[in-house]
Amino acid sequence: MTGATLERGLNAFKEQVDAPVAAFFSSCVNCGMCAEACLFYTETGDPKYTPIRKLEPLRRVWEQEYTVLGKLKKMLGLARPVTDELLQEWQELLYDSCTLCGRCAMVCPVGNDISYMVRKAREGMVASGNSPADVRSAAERAVRIGSPMGLKYKALAAQIKRIETESGIKIPLDVEGADYMPLLSSMEIINFPEYIEALARIFRQAKVSWTLCSEAFEATNTGIQIGSSDIARELVQRIVDGAEKLRVKCVIAPECGHAYTSIRWEGPNLIGRPFPFKVLHILELLDELRASGRIKTENLSNERMTFHDPCSIVRKGGVIDSPRELMAMVSTNFVEMQDHGKWNWCCGGGGGVSANTNAEALRLKVFKRKKDQIEQTGATKLITACANCRLVIEEGLEEYHVELPLEGLTELVAQHLVEDK
Amino acid sequence: MNALNTTPVPIEKFTAVEHRFGNTLPLLHEISHALHRLQVEGTVTTLDLNAVPFGPGDERQLVDFLGRGEVSAKLEAMGDSHIRESRYSGVWIVEHWNTSGERVAFQIEITKLPALLEAQQEDIAESLLMLQAALENARNGASV
Amino acid sequence: MVDTKTKTLGEILRHSGVSRRGFLKFCTATASMMALPPGMVPAIAAALDKARRPSVIWLSFQECTGCTESLTRSHSPSLENLIFDHISLDYHHTLQVASGDAAEAAREEAMHANAGSYLVVVDGSIPLGNPGYSTTAGFSNLQILEETAAGAAAVIAVGTCAAFGGLPKADPNPTGAVSVRDIVTDKPVINVSGCPPIPVVITGVLAHYLTFGTLPELDQYGRPKAFYGTSIHDRCYRRPFYDKGLFASTFDDEGARSGWCLYKLGCKGPMTYNACATAKWNEGTSWPVESGHGCLGCSQPDFWDAGGFYNALSIPVGELSRTVSYATAAGLGLGAVAAGINHRSKVEANRRHGEVTVDDLEKTS
Amino acid sequence: MNESMDFLLWTRGTAFDVSVAIFIVGMLIRLFEIVSLGRGRDLAAPRGTEFLPGIRTILSRTLPYGGTFKRQPLTVIAGYLFHIGLLVSLLLFIPHIELFRETFGFGWPGLPNPIVDAAAVLGITGLLAALWNRLTNPVMKMLSDSEDYLVWILTFLPLLTGYLAYHRMINPYPLAMGLHILSIELLLVLFPFTKLMHTFTLFLARWYNGAMSGRRGVES
């Protein structure tokens, strides 16, 4: 098969409709409550961004292919078809204005999981060639080069070398039989290498057996972002292969939202078998080390800090309490945002939005929600656990001329770590 | 017959319970308003109680409530009629029976004097003729 | 002897020594019987004073004589007697002395002598299935009705059979029974429905015609509004219990003893229009609801087919449980078919899935 | 002749049987259609369970989240009003309970008519408010298609005709009751083929949502 066609797109939509999708569409009464949970609506006031409306193409396919009345209408020519024009128009709605944050799924009175369906609808968009060009090229880079940002192992090797020299800590590489194999996101390698150093210091202190894998270090998965299970499978398979080769017990997802989703929740389903290793988010691991007393902190900061919950890790990942426990390890003046935990508002850049230049203006506009939320807390430092959130927030704050330092939670823990000299 | 008498046939003892169905109260209010109209405007009102859906006991409750006043009249014309004032002056209870002793009308009149008690114009005219004829007879020598 | 055919009612009464008071009392009773407001008494008196005696021909078709029984055993015979004294009942199968040719001759004579002004009273429905189902003197009911109604001023259909077809018309209507109104379309037809109708309602209609020489105002079923204007439910003394939600659930429970609403026991009062609640039965003694039994709805068309007498009005006529079981069986079958089709559709879509690689992201045109 | 009684008997007889049959067959087809699409087995190691969180979400979504309630009070209040009004009128009016008792062989206690009457008024008010909201709220206005308005009418008519029949505001009564039953029959016939289905599928939808979240350790 070569190339994307409408026919392949329609077939993909058809494949994606399952019992939950059918139950969700059957249940929607167009009450519009999901709009009120979506920052793309609340910040623009434009009803076209109402979450459930973004699913119109998928809804039509469901209705026309899987319901008695819809089939009848289609037969009589009364059904509104899904055309290429419709899909083109919907690209903005399914990509630019949805971060898959899943907040709408929390408020829907009939219980529709809209982000679940957006993720599925994107499969049809990809197969019909209606995915955004930027995300497309990122996917190409990820598959062909190894990372969406076009970064190769060489770059990581250089960072490792630099960190080893600066900190004097050896970073294990390709160690067979290690317990933990942390993954990294390209952003961490390029923008936040402090994360790697923090890991090294914490693991050294906690005497954790760990290793990086030179063949499987990239955690990000543009297949998930663009919405192609086939591409996502290829990328996940690389990690599985690496982990299996090194026979690690546990793979650690980095401070990156969608990477956690792709390796923790979608991965086994993509490759069609359960993993022979565990998958933990770094915050979960740190919390385990804390609980078992293997790491301790000192010189707690009394600076007013707040925590931004990355949607994929918290609301959609279930890592809700660990960040709170860890914040308590580093700060005596931690404040929650008004809507926090599973009710948190998205930074506006998840789900591939930050990689999509078409969405840039809109993303900066809707960032106001996050900015207001942060300002309301009066915090002077913002902590998060997702490199993408971190970049998006930094960019957003700059746009709104807000001066506020940002830090990753893992680094912060490392900063306050009690280390045996 | 004896056999039948000895056959045990249980007969349920039924004591009629009089329930208050609440239909008299609105009627009493209506009477009260009518009485007020009689006092102020002199308007006469007649209520046909055959048109009121009484439940068992409702009628007795109403009649007991109205009680007995000073005036009571009995009329004998095509069966008996009882016209009596209730304890509320101006409120009259009028009942008409037919010649077979069955009640054919039951009314409450709110008036100074029920019209039926007055001598009727046609009867007066007839009476006058009869009286004159009787006097004529007397003058002609018949004994009075 | 006064010639009752030419004198007015007023003249006849005065001649019989009835005083004006007596006459007024009679008028009061008549007004009450016709369910007219007491204020109408003077008008009734004036009208009755001048009323003349009409000729009445009574025809009986597919009936049980219950309507005649109801009328003749009514609780105020002297009042009806008065009325009947002043109508001329020239033909009535059951009541007349004459029989055979003499009877039929009496009917023809009455029709002749009073052409265009006599009243026809009908009880019973008319079978159209086969004229032989019901005949009188060799004539089918249809023939007699058409012939007799031709010269009538109006026809009074007494009882639910004559008014709406009644029991003979009940499903499956073996005789092809129809109502008077189905046959007589060019004359006023007054329906006095009920099984049987309340006697004073029958006499009330006659009294109305006698008094005013006109027919009373009718409802959409051709029934006099004065008697059929409000439903049993609206005039029921047990209505407050309905409103409070207090219902008897069986005929011997506490609710039944306390005189609560009989809706659950199948009372059709809400849909039934009749004067039972005020006129009552058996010399004004009681009426069905007062005696503890729900209204059967006998004065409504098709009451016999309107569901079980002891089923609440809200319960549909058919056998709902049966419909539910059949439909469930059918639904399970069709549902399995629909499920099969959907399943196949999805399997087919999965089969047609071509792997999307990064080379497939661009549209081909 | 006898139109309104014939009409009432038709609505209580043939029409009722037909519409109940269509309703049941349609419902089963629709439910089979949904369930037959299946749900892939989740191979990811679960953090939590599915069953109880699913049940929990079925219950918890009955209450609105405070944040959205503050943003759209009218949607929430109108929704509550008409749903409660509808359910009370449908399930707690004694004549209706008699119908259920006849159909299923069991019944339950009802409420006094004045309370049901008040619930019906609330229901009607709620539906009118919901319609107004649908016509004026920009989101709902944009989302709504003809089906939404059809469904509104199908829901409104039984309440309205029921109210009018109970208060005997349409005469004669057999016509009023016939109209009321007919409006229910319309509702029953179209129910399985419109979004009225949410009455039943929302339990599925909420369960799926709660179960999928519960598996990840999130209470949704």
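In order of appearance the chains are A, B, C and D, and numbering begins at 1 in each one.
Simple rule for what comes next: a residue touches a chain if its C-beta (ideal position, glycine included) is under 8 Å from a C-beta of that chain, and two chains touch if they have at least 3 such contacts.
In this text the structure is predicted, and so the values were computed from the model without any measurement.
Trainee: Any chance you could check whether B-C or A-C wins on number of contacting C-beta pairs?
Mentor: B-C
Trainee: By C-alpha centroids, what is the most central chain here?
Mentor: Closest to the centre of all protein C-alpha atoms: chain D.
Trainee: Please indicate which chain is farthest from chain D, where distance is taken between mean Cα coordinates of the chains.
Mentor: Checked the centroid distances; the maximum from chain D is B.
Trainee: Find the geometric centre of each of chain B and chain D from their Cα atoms only, then give the gap between the two centres in Å, rounded to an integer.
Mentor: Between these chains, centre-to-centre, one finds 58 Å.
Trainee: Using mean C-alpha positions as chain centres, tell me how far chain B is from chain C in Å, no decimals.
Mentor: Those two chain centres are 32 Å apart.
Trainee: When the C-alpha atoms of chain A and chain B are each averaged to a single point, how far apart are the two points in Å?
Mentor: Distance between chain centres: 93 Å.
Trainee: How far is the middle of chain A from the middle of chain C, if each middle is the mean of its Cα atoms, in Å?
Mentor: The answer is 76 Å.
Trainee: Find every residue in chain C that makes contact with two or more other chains and list them.
Mentor: Each of 338, 342, 346 in chain C touches at least two other chains.
Trainee: Show the residues in chain D shared as contacts by 2 or more other chains, in ascending order.
Mentor: Those would be 26, 29, 33, 35-38.
Trainee: What positions in chain A touch 2 or more of the other chains?
Mentor: 17, 66, 68
Trainee: Any two chains that touch count here, so list every such pair.
Mentor: The complete list of chain pairs in contact reads A-C, A-D, B-C, C-D.
Trainee: Considering the complex alone, what residue numbers of chain C touch chain A?
Mentor: So the residues of chain C touching chain A come out as 338, 342, 345-346, 349-350, 352-364.
Trainee: Could you list, by residue number, the parts of chain A that touch chain D in their complex?
Mentor: Interface residues on chain A, with respect to chain D: 17-24, 26-33, 35-37, 41-42, 45, 47-48, 50, 52-53, 66-69, 105-113, 116, 264-269, 272-275, 278-279, 315-318, 320, 339, 342-343.
Trainee: Going by the contact rule set out above, which residues of chain D touch chain C in the complex?
Mentor: 1-6, 8-9, 12-14, 16-17, 20-29, 31-33, 35-38, 94-96, 98-99, 102-103, 105, 110-116, 168, 172-174, 177
Trainee: Touching residues of chain C toward chain B in the complex: what are they?
Mentor: Residues of chain C touching chain B: 18-22, 24-26, 28-29, 31-33, 35, 37-39, 75-79, 235-238, 240, 257-259, 277-279, 283-284, 286, 290.
Trainee: With touch defined as at the start, can you tell me which chain C residues reach chain D in the complex?
Mentor: Touch residues, chain C against chain D: 164, 179, 181-182, 219-221, 231, 233-234, 242-247, 263-264, 270-271, 273, 300-302, 305-307, 311-318, 320-321, 323-324, 326-328, 330-332, 334-336, 338-340, 342-343, 346.
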